[in-house]
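Please find one structure pasted underneath; my questions will follow.
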Amino acid sequence: MKRLFAHPSLAIGLIATLIFLAIGVVSLVWTPFPIEQIDIPRRFLGPTPEHWLGTDNLGRDMLSLVMAGTWTSFLVAAVAVVIGMGVGVPLGLAAAAWGGPVEWLVLRLSDFIFAFPAVIVAILVTTLIGPGAPNAILAIGIFNIPVFARVARGGALSVATLDFVAAGRLAGLNNAMIAWRHLLPNIMSLLIVQGTIQMSLGILSEAGLSYIGLGTQPPETSLGLMLKDAQGLFLIHPLLTIIPGLAIVLIVIALNIAGDGLRDAIDPRLRQGNPNVLA
Amino acid sequence: MILFALRRFLGFAVTLLVAALVIFWLLDLLPGDPAQFILGINATPESVARLRLQMGLDTPAPERFIAWIWGMLGGDFGMSYTQRAPVGELIWGRLGVTLPLAIFAMVISVAVGLPLGILAARRRGKALDTAVMVVAQTGIAIPNFWFGMLLTLLFAVVLRWLPPGGFTPWHENPGLAFRGLILPSLALALPQASILARVMRTALVDVTSQDYIRTARAKGLTMGEAVWRHGVRNALLPVLTILGLQFAYLVAGTIIVENVFYLPGLGKLIYTAILERDLILVRGATIILILAVTATMLVTDIAYALVDPRLRERSAS
Amino acid sequence: MSLLEVSDLSIRFGATEVVSGLSFAIAPGERFGIIGESGSGKTLTSLAIAGLLPEGASLTGRIALDGAPMPASERDMARLRGRRIGMVFQEPMTALNPLMRVSEQIAESIRLNRDNAAVQLEVPALLGEVGLDPSHGSRFPHQLSGGQRQRVMIAMALASQPDLLIADEPTSALDLITQRKVLDLIAEICARRHMALLFISHDLKAVARLCTRVAVMHRGRLVERGEAAQVFASPQQDYTQKLVAASRFDPLRAERPPIGGTLLEVDGVTRDYRQNGFVFWAEKSLRAVNEVHFSVAQGECLALVGPSGCGKTTLAKIIVGLDRATSGAIRLDGTSYHGSDLPKPLRRDISLVFQDPFGSFNPRRSIGDSLSEPLRLEPGLDRPAIDARLVEAVTAVGLHADMLDRYPHEFSGGQRQRLAIARALVTRPKLLVLDEPVSALDVSVRGEVLALLARLQLEFGLTYLIISHDLDMVAAIADRVLVMEAGRIVEEGRPEQIFFAPQHRLTQELVGARLPDIGTPA
């Protein structure tokens, strides 16, 4: 732990991320104003002592909305990462441990899923079942699967050439045991770093999807949805656009700095890896 | 090399076919009766029956799938029920906005991102490097559509240099059409340029510590000359992979950014189609998007092999 | 006057001094060697001379070429080293630009440093001089073998007609025969061109082959220097004496267990690999092991030698059950198997010791955990019995039972190799397969590990199958030697027999490529 915090960027990134996360968690039990509280006479207020960040077009408290939106953004991105890891990592490990046709299949499958950017999946799902936050989670989660599958496979393959894996096979371990005992523990750091990257990409994607109406729907709120609500008004009331946008930018920067720091702290060699840096 | 390209092309065709199958399954089979789905619960049985006939839903699913694929090969994407127009024509009209937008954004991000990345790598550890990396770190974190809103605020409202949105068709006034795409392509390009700058810098810094750079210096080149003559081409290899993916996601990204600028592109068309449950139109539009993504990846693969003799041989021999 | 003069050279990274107060001089045409183990600062010294020190390194002292100090500007230094100094590095696999044909890379070197040279004529001439065919010029580096790439490196170094050639471990990544050929090539070219040589190596024999004067470096300091013959024959310093002693393998066969009946029999084993297996295009296969027959007797030490890529490691993998023979069979104590189908109850009878002590333990698991892994093959053992076995194995290799709770990174290479041997012993096997057991270790540790192996064999009545390319090591430890080439066994015999009267062409080449022991007249 001490070693991790020897890297200042990691400490800064992690602390900033945790602060945003804490703000999101707090919104579950307390916000300055209830986010559903519509108060038309008080709309379009600038920052006041009562409403620190002003109010929106329905008179809702912007600070409360940002807090709740932050939570939604984290939640969507985190569940999508869990989906991606939960499916992708076993696939990648299986590809590395079994090789042959299994590997071929996993690679083709991940190539195939790469052809479906989150937007396309979201379009298809929304057409079928209508809009909602689960669509965004599903769309982003599906896109995360091949990302984690590739990272897991790549990392596991370089571990698999090491002699201790052969020693494990000599000791009679089967492929699943090899993957569990020898491969997975040695690629955890890679997965954690990729997890942070996918978190930040997930937050950006959620914002994009909610903004075009394919993600979170009212009465829930998310940072992307706030931008959608402000769409028609941003030329007159720019604050309604600037505040949630800035919140997204700051959260993503915090996550990225934490991710870069983790990468440097855990293993300098990872920098030569091939992290997926695309949205 | 030809075998390599052929093999990649085969993979591309198979991917497309499987994607078509998935889309067909999702949009034609999953909703049960697509005609009922399109018209909603309140439709009369007669109108549903009429639409079923019109969509050819009475033939078995495999036949419908083959007919759909066969039609697309001949450029026929079916008829949009809501717009009462051929889907192919509708999409083609919108691509006139979406494609140029994606291409402009790509050109801008390459023209800005690569030189900045090279500059940062050459000045590694200096103030310029730090500045570029801070800007890039921020650029990656900015949602492109939000950046689009900020650009509109600045250039259209405060400075009044450019239109805030809307689009004049190319055939009416190419100059105005171009002006309408400047802000959207800038918005799209910012995150991509930031990513490119970072990838380029990392790749170049990695290359700098390679043994062949030391060899080149031993021949009598300075560090700068060695990196320029031997490093940049090697560093471009990872950048090329990223470029391919980027273009693919730019095409998808246009859908979101179009919204900010009220551009009549593919995104708008799809959005309306979703609201009106026009399955035929959604089906055609998604397959076109997937075609764009996979075709870009195919081109990237082949370009990569053209640059790197190792890859060319490994996969062709 | 000296061609190169280094006086009071020190190199430091921040606060740590890695080279201290080094002084030496090289006369025109002289062949000078620097000897040192890894971390001695020998490579940094050579980089300092060429002005190629890595970022973060700072240098004090004076380096002069023909009496003139090295220029300060980067550009002048680059041009000077291009014209006057040729360099050959250790890693032939990565030292060439992978995207450029080798003739272009050689031509670049000519164009940079000579004003009116006929490049079209010079490139083939240089390729010829280093023993390559002109047609090799049109290839990319990945299409050449390690030895060929090293020749290309030499051709590039010669292109500017330098006065000084700096060769830093130019052969340590090459196999034995190629190593000797490249050494001979360097010697011949230096003689023909009257070029001075600064040769840097950990291999005393290679230095003895090439150099007339040597310096020994240890932890950044020059500990001894003098005429090569004299230094090797009567080393003055402790460290040099240790190095010289370690470079010879003394015969270890004082006592040995009695040789019994046949333990393992390899009968017509063949292994084909399908190349580039793509689902629709089946490609022609590569035969790694071809109809191999031999047997190992109880208590014997059998060595399998051959150049890299001859199939000896594949064969070892089949025997221990990591790979599967395409045809043929192996019999262990009368039970027949084909490789990976080795029945579980028999697996405990065969163990493998790996070459690389750094990769053979999972860094995330304790030594005890790794060591107990093979005991899964003996399901009857309870926890106390397992612990007893671990302690027994660790003490057998001369280490302490406390070490079981520690993690791999806390051990040195030599200790890890002992632990790897302990893991191999934990199931009380009959046969130990050792894949290059000492080649990844520092010279000074090799003798200890070999002595340990000899002791264990005596103590436990073990049978050894040693895979190696190192004839000297094999001569010191083996009872019988098999020579392998291109998947076949081409010669078999006792070590004396093989080394004094080799029959097969490959064996003759291998024996001929051995460098003479140092300190004795060649």
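Labels for the chains are A, B and C, by order of writing; each one numbers its residues from 1.
Note that a residue touches a chain if its C-beta (ideal position, glycine included) is under 8 Å from a C-beta of that chain, and two chains touch if they have at least 3 such contacts.
Predicted model, so just to flag it, every value in this text is computed and none were measured.
Seen from the Cα centre of chain C, the chain whose own Cα centre is farthest off is B.
For the interfaces A-B and B-C, the C-beta contact count is higher for A-B. Here the CA centre of chain B is 50 Å from the CA centre of chain C. For the pair chain A and chain B, the distance between mean C-alpha positions equals 21 Å. Across the complex, chain B meets chain C through its residues 7, 210-212, 214-223, 225, 229-230, 233-234, 307-310, 313-314, 317. Residue ranges of chain B in contact with chain A, taken from their complex: 11, 15, 18-19, 23, 26-27, 30-31, 137-138, 140-146, 149-150, 152-153, 156-157, 164, 191, 195, 198-199, 202, 206, 238, 241-242, 245-246, 248-249, 252-253, 255-256, 259-260, 267, 270-271, 273-274, 277, 279, 282, 285-286, 289-290, 293-294, 297.
Interface residues of chain A facing chain B in the complex, by the touch rule stated above, are 108, 111-112, 114-120, 123-124, 126-128, 200, 204, 207-208, 211-214, 224, 227, 231, 234-235, 238, 241-242, 245, 248-250, 252-253, 256-257, 271-272, 274, 277-279. Chain C contributes residues 50, 52, 74-75, 78-79, 81-83, 85-87, 89, 91, 94-100, 108-109, 112-113, 140, 142-143, 153, 156-157, 159-160, 276, 278 to its touches with chain B in the complex. Residues of chain C that touch chain A in their complex: 279, 320-322, 344, 347, 351-352, 354-356, 359-365, 370, 373-377, 423.
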